[in-house]
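Next come two complexes built around subunit A: one with subunit B, the other with subunit C.
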Partner chain A sequence: MTSPPPDETLTRRIPTDWKGQAMQRRIAARYRAERRFRLIGLASILLSAGFLAFLLVSMLGNGLSGFTRTEIAVKFDFPRAPMVVDPAMLEGGNADQVLAGANLPVVTAQAANAALGEGGDALISSNAWLTVRDAIRDDPSILQREAVLSLPASADIDLAAKSQGTAQAEAAYARLKQGGHVSRAINMPFLTASDATDPTQVGIWGAFKGSLLTMLVTLLLSFPVGVLAALYLEEYAPRNRWTDMIEVSINNLAAVPSIIFGLLGLAVFLNMMHLPRSAPLVGGLTMALMTMPVIVIAGRNAIKAVPPSIRDAALGIGASPVQVVFHHVLPLALPGIMTGTIIGMARALGETAPLLMIGMRAFIASPPGGVTDPATVLPVQIFLWSDEISKGFVEKTSAAIIVLLLFLLGMNSIAIYLRNKFEKRW
Partner chain B sequence: MSGTAITILIIGLGLIAWLSARARALRLAHAGRASPPSAPSPAPEARPRGPLLHSLPSYHGWYAAIWVAVPALLFLTVWTSLMPGLVTDRVLQDPAAATLPQDAFSRGAILSEGRAIAQGKAAAAFDPRSNAFVEPYREAQRFYSIGGGVIALLLAFAGGAYAFTRIRPDFRARTRVERLVMLGLLIASLIAIITTVGIVASLLWESIRFFSLVNPVDFLFGTKWSPQSAALGYGNENAFGAVPLFWGTIFIGAIIAMAVAIPLGLMSAIYLTQYARPAARKWLKPILEVLAGVPTVVYGYFAALTIAPAMRDFAVSIGISSASSESALAAGLVMGVMIIPFVSSMADDSISSVPQAMRDGSLAMGATTSETIRQVLLPAALPGVVGGVLLAVSRAIGETMIVVMAAGLAANLTLNPFASVTTVTTQIVQLLTGDQEFDSAKTLAAFALGLVLFIVTLLLNIVALQVVKRYREAYE
Partner chain C sequence: MTEQTTPSAPPKMAARHVNVFYGDKQAIRDVSIEIDNDHVIAFIGPSGCGKSTFLRTLNRMNDTVAGARVEGDITLDGENIYDPSMDVVQLRARVGMVFQKPNPFPKSIYDNIAYGPRIHGLANSKADLDVIVESALRRAGLWDEVKDRLKDSGTALSGGQQQRLCIGRAIAVEPEVILMDEPCSALDPIATAKIEELIHELRGRYAIAIVTHNMQQAARVSQRTAFFHLGTLVEYGVTSEIFTNPREDRTKDYITGRYG
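Right, the complex of A and B next:
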């Protein structure tokens, strides 16, 4: 509201002097305020978006190097190495066992010392012999000749190569580089291995598989229950106190902090029902309770959007109420329900706190085989790595975050695609 | 026979029952018609009345399949949960059980080792005494799993036979099947209530146990929080004063985070609804929503890795030497950014639902857009905005990962944003992620904190929804 003109002006009936200097100044000031206000609005949006950009850029900057690793070329002279392997024994399926007993760690350390000078074995990763083993398994003929293999560098050298290492490691790296030993390669083990204590050997596959198993349990439980509950509440429920109670509890469950669901899982699933700790089964159950209200709310909106004329038409030609819903309403509402489900699942995929409560934070060095095996999930793995003191974990944590964000982006894109493709305006 | 095999077998039987019951019903239907099946069905008045099928053949199929599968599967579920107890009972009947030591701990250890070997989970016994129990366990397990499987199959066959005898043209199979479907729907929607009851019951139960150890008044109004000292045996008095936690939660979630989120969220919503062109709005709104979709652990890592050191350096540069690298400010700032989309979308909704006539009236009086917004739209939309802010606060105080990763563990009662404070959620995680027995006051305290958190967020939500609802009604 602009302030009314002073009373005396009114009584004297002198028209306002809009062209006067005072008035012009006032109008200019008001327009300035207008522009200022508008700029503040724009600035606050840009600030929020800028924060998002900063977050993503800093994760990319820290994490992209986690997808590569430093390799050191080491020459092996297998015929003269202190090892005895009968190439014929490598033929069968137990090559790994034969090679495990073949003294490979010592062979690798000696070859590194010979190639890189004294102390060379400290420059390569302590698990480098596994790479040698794989090379021999893939091509046993190299046992008859000299071969140059690219071995993963140790954590210190790897950091130095990414110019984050200590002065000592930087110097060692500079020497290696002068000798032409080092190269950069894609860090495939990061995508195929599991947790480890050495940052050069960690991988996300174990946690990723744990996430997939947990999400599978969540989906199998929360989707049918959520859809059926939404159908009941929207189509059949009589308006009485029970229905009100169900609605109130669903709306409240959607707003309960996630950590409370973790406490529920701990008290009920672990301490009362004695289900296995750290298992994707328990994680999935807990997440299902958390995701179900989201699916119910999305499902009800989708069902509400189906026009009543379709129900009336089906009833009119003699369908029973159950047939109306399962033959007509549900198929029409399904795209909307799917969109809501994917969004709920994406939220559950990024959730960490409830899973900490039920013990999915253990150090698990092998991917889980089933839903009752101890496992961890991607966000918890990120949390665990972020607590590590070793500096090499910084890039691995950020790299895992990039993977998680890409996965979430994919899920949300599918949801948006579904919404745009199947959304109907009746 | 393993449980999985039996389950698959029963589902297979259900499928067979579905097919054969449907076929039988089809035959009945054809027999009921005057004309042969290949001919077009006669006009309704020509049909014989009596033997005409009441339900479609597939409903008869479903009816039989349900009778085959549901009782047998229910029985199997109950049986598998009872079986460990039955097996142990039978093993204890074994003569070898007389040699068991008396004390419960080594007794349990020997038994569980015997069981592990019998199930093939362990290769050899650590304690040679457990070897005596391998065979009894194996035998008992075989006995009960075969017994259970046989009973389940009998149930399936009995159910199938019962359902088959009922396939008659006038049998109302559809009504029966639909009644069961409705029961399933009702049970699915009751799960929400069961979950709520489960949350309240488990929190209350553990909290009551906690309050039998620690005085509730000391807990709610005490100002010293040091559960470690209680765990070390210095007693529970004065170790569980939660006021510093409550203050830390409010300081981070309701003060610092809101100081970031309210201005930015509100101004973003104003710009998006009042100034931005539709094309710009189409792009900017999803970008804001992405902020809400980033997992909290990512925010936490970002706060701990980037923001917290920057805040400490900033504090040191302006002369606060006591600045902590786990400052309340870092966690609060990042949490505020996370909350922006919530505030903005709630404000967006309530600003857009102010009647257009009020806006037009103000503009027609000569007010500029910003004057209209500040003096007409915002006062009118205020209840909705307040409701949205309350919801955002409830979300912020329940947020866990950001504070776990970026805020500290020191329970300080301080106003200094560069100092370290701790929150309710941080302490819940801290108290429960260690290896301690479940009955200690330390673990139970986590549930008491959870109860307080649950009640507060619930109240905030109820109040917020009431405010928003009343506001909506005012303009409808």
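Right, the complex of A and C next:
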């Protein structure tokens, strides 16, 4: 077979039938594929938006009532109550101690029985006397007169008020309502108190503060260490087998299940270094181990994305390598590094498993004063409450989830604000 | 091979038997050349001939390339720049560089110029710095175009303005030598003409070496021309002679467009 002379292959044109049927079909198929792909994309967006909406609606539906509580108005006749308190003793800081010994639970129960009829003391929360105590402490003059105080209802009545109670409780609630004793109020103690055994008494503040302190420790440790590690690996480390190995290890570290980090924290920080158990310090250290690889990986990518021409420019007018890094590379890479940090911190905020291992699941009834005090964190608190038998904890669990989501939202907003600010400067 | 001009003063920079390697590959073979204060020297040659590599060895920018190795002597005012006692950072301040692609910092025009003087501590006060910035921008022929928007980002300028900003940035640190690596290859003819004009004005004040692909440009801006081919310096001499009466056949072939 002889090949045609070369100039013929070059000059011969195969006529293309742009108007032919086959061509039209091909064009139509192309448009169909385009539409199909767009629809699939739209469908997946709608699906994820639907899931998100479902989550938000169900959380808000269950949880919003957790921010309110039912209160019962009870009349107190303090001068005639079986208690002896010297108002002069209430001056100064030890009013709580004085009042703790003042027979207030009995006074409260009697007042409730008198106001609501026999068995009235069962309708109010068993810790209602604390509200009475606070009222006396804030205004000792009420001891000289009669006063009407709004006391938190018992868990049963509170549930009945939210139409989730037993038939018996619903009946009792209906009677109270007829008598005009009940009201709905914002559950301030939920935002200011800590964990408790009684669902009407629990608060989220302790766990919130625990999360805050833990995140602070995590950020303070993982951000500088992660960024410096990324800078060293990108800018200074020689390319050899060792750096390759370190790179692989860091990538693997980012994928290690979090429970392993918890065990590591337990073994190293608690058993070897004897740091305090259940403390935000240890939680933060453990979380920092987990977050650091994420920041290193994101940081290296961001640093790699800084155009080499900028480095050349700075070196070319006599900037030292450190000046190149801190004046040019780092500021340009910072938005990317911060994106990675947001992802890492959000993951750490929602993490439960490693904290269970280092004892942050303990029952802690007062907010932590510092990073070495025993504390719990929001996701662990949610886990603990979801495990409770009492039905009153259901709405508290959802309310805690709302708080956690708001925390997350707040943290991300700050980070995104900072990121945009840095981007604008350049 | 090397034409022995008889310089009245010792050369600003001199390279003696320089070899450059990238790993196992030799990019520059035994190049000896001198850069004088009162001349612009143009490095010409086909792509990959090593002219840019050679330019980058003159202020040790090749140090940043992994596996790059330089043999031979390169001196600045008689000092060997590859001597361990030579401070690279200071060297690069004395031997400035302008790159092929305009690469202003993503900062304001003012900060672009002021960056070098700031890191080298050339200005004692804000007023000093203002003077340095203005004179650098004037010498770079950019002052009239940007004096009212010094706070604008340097990256918002046109390509030609960006390149003049980069030249201004280089001269703001008062270098002794300016190396230009194809400074006009990304610019249109009008911007190119402005840069060439600028090179004319800077001549005498700084020793200038320019790498170019554009033969007419070499003929226009330089007084000395060096022709590189395959890593060797083929011919080096007065520009007018190289272009009108080259001694080597390879030079003649290249400048007449036979290859390259």
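Convention: the second predicted complex is superposed on the first by the 363 of 426 C-alpha atoms of A that agree within 3 Å, B and C clash if a C-alpha of one lies under 4 Å from a C-alpha of the other, contacts with A are read in each partner's own complex, and residues count from 1 in each chain.
Criterion: a contact is a pair of C-beta atoms (placed from the backbone, for glycine too) under 8 Å apart; a residue touches a chain by one contact, two chains touch by 3 or more.
Every value quoted in this text rests on a predicted model; they were computed, and no experiment measured them.
In the superposition on chain A, A:L55 contacts subunit B only, with no contact to subunit C. Touch criterion met: A:V394 reaches subunit B, while subunit C stays clear of it. Once chain A of one complex is fitted onto chain A of the other, the partner contacts of A:S320 extend to both subunit B and subunit C. Look at A:A135: by the touch rule set out above, it reaches neither subunit B nor subunit C. Once the two complexes are overlaid on the shared chain, A:A122 sits clear of subunit B and of subunit C alike.
Put subunit B and subunit C next to each other and count what each touches on subunit A; the higher total goes to B. By the touch criterion defined above, A:A196 reaches neither subunit B nor subunit C. When both complexes are overlaid on chain A, the residue A:L332 reaches subunit C alone and has no touch with subunit B. Annotation: subunit A residues 320 touch subunit B in one complex and subunit C in the other. Considering their complex, residues 1-2, 30-31, 33-34, 36-38, 40-45, 47-49, 51-52, 55, 58-59, 62, 224-226, 228-229, 231-233, 236-237, 245-246, 249-253, 255-261, 263-264, 266-268, 271, 289, 292-293, 296, 320-322, 326, 346-347, 349-353, 356-357, 359, 361, 379-380, 382-383, 386, 394, 397-398, 401, 404-405, 408, 412 of subunit A touch subunit B. Note for the complex: subunit B touches subunit A at residues 174, 178, 181-182, 184-186, 188-193, 195-196, 198-199, 202-203, 205-206, 263-265, 267-268, 270-272, 274-275, 284, 287-288, 290-291, 293-302, 304-306, 337, 340, 362, 365-371, 373-376, 391, 394-395, 397-401, 404-405, 425, 428-429, 432-433, 438, 446-447, 450, 453-454, 457-458, 461, 465. Across the interface of their complex, subunit A is touched by residues 59, 61, 64, 66, 89-94, 96-99, 101, 103-107, 115-116, 119-120, 166, 169-170, 172-173 of subunit C. Note for the complex: subunit A touches subunit C at residues 239, 307, 309-320, 323, 327-328, 332, 426.
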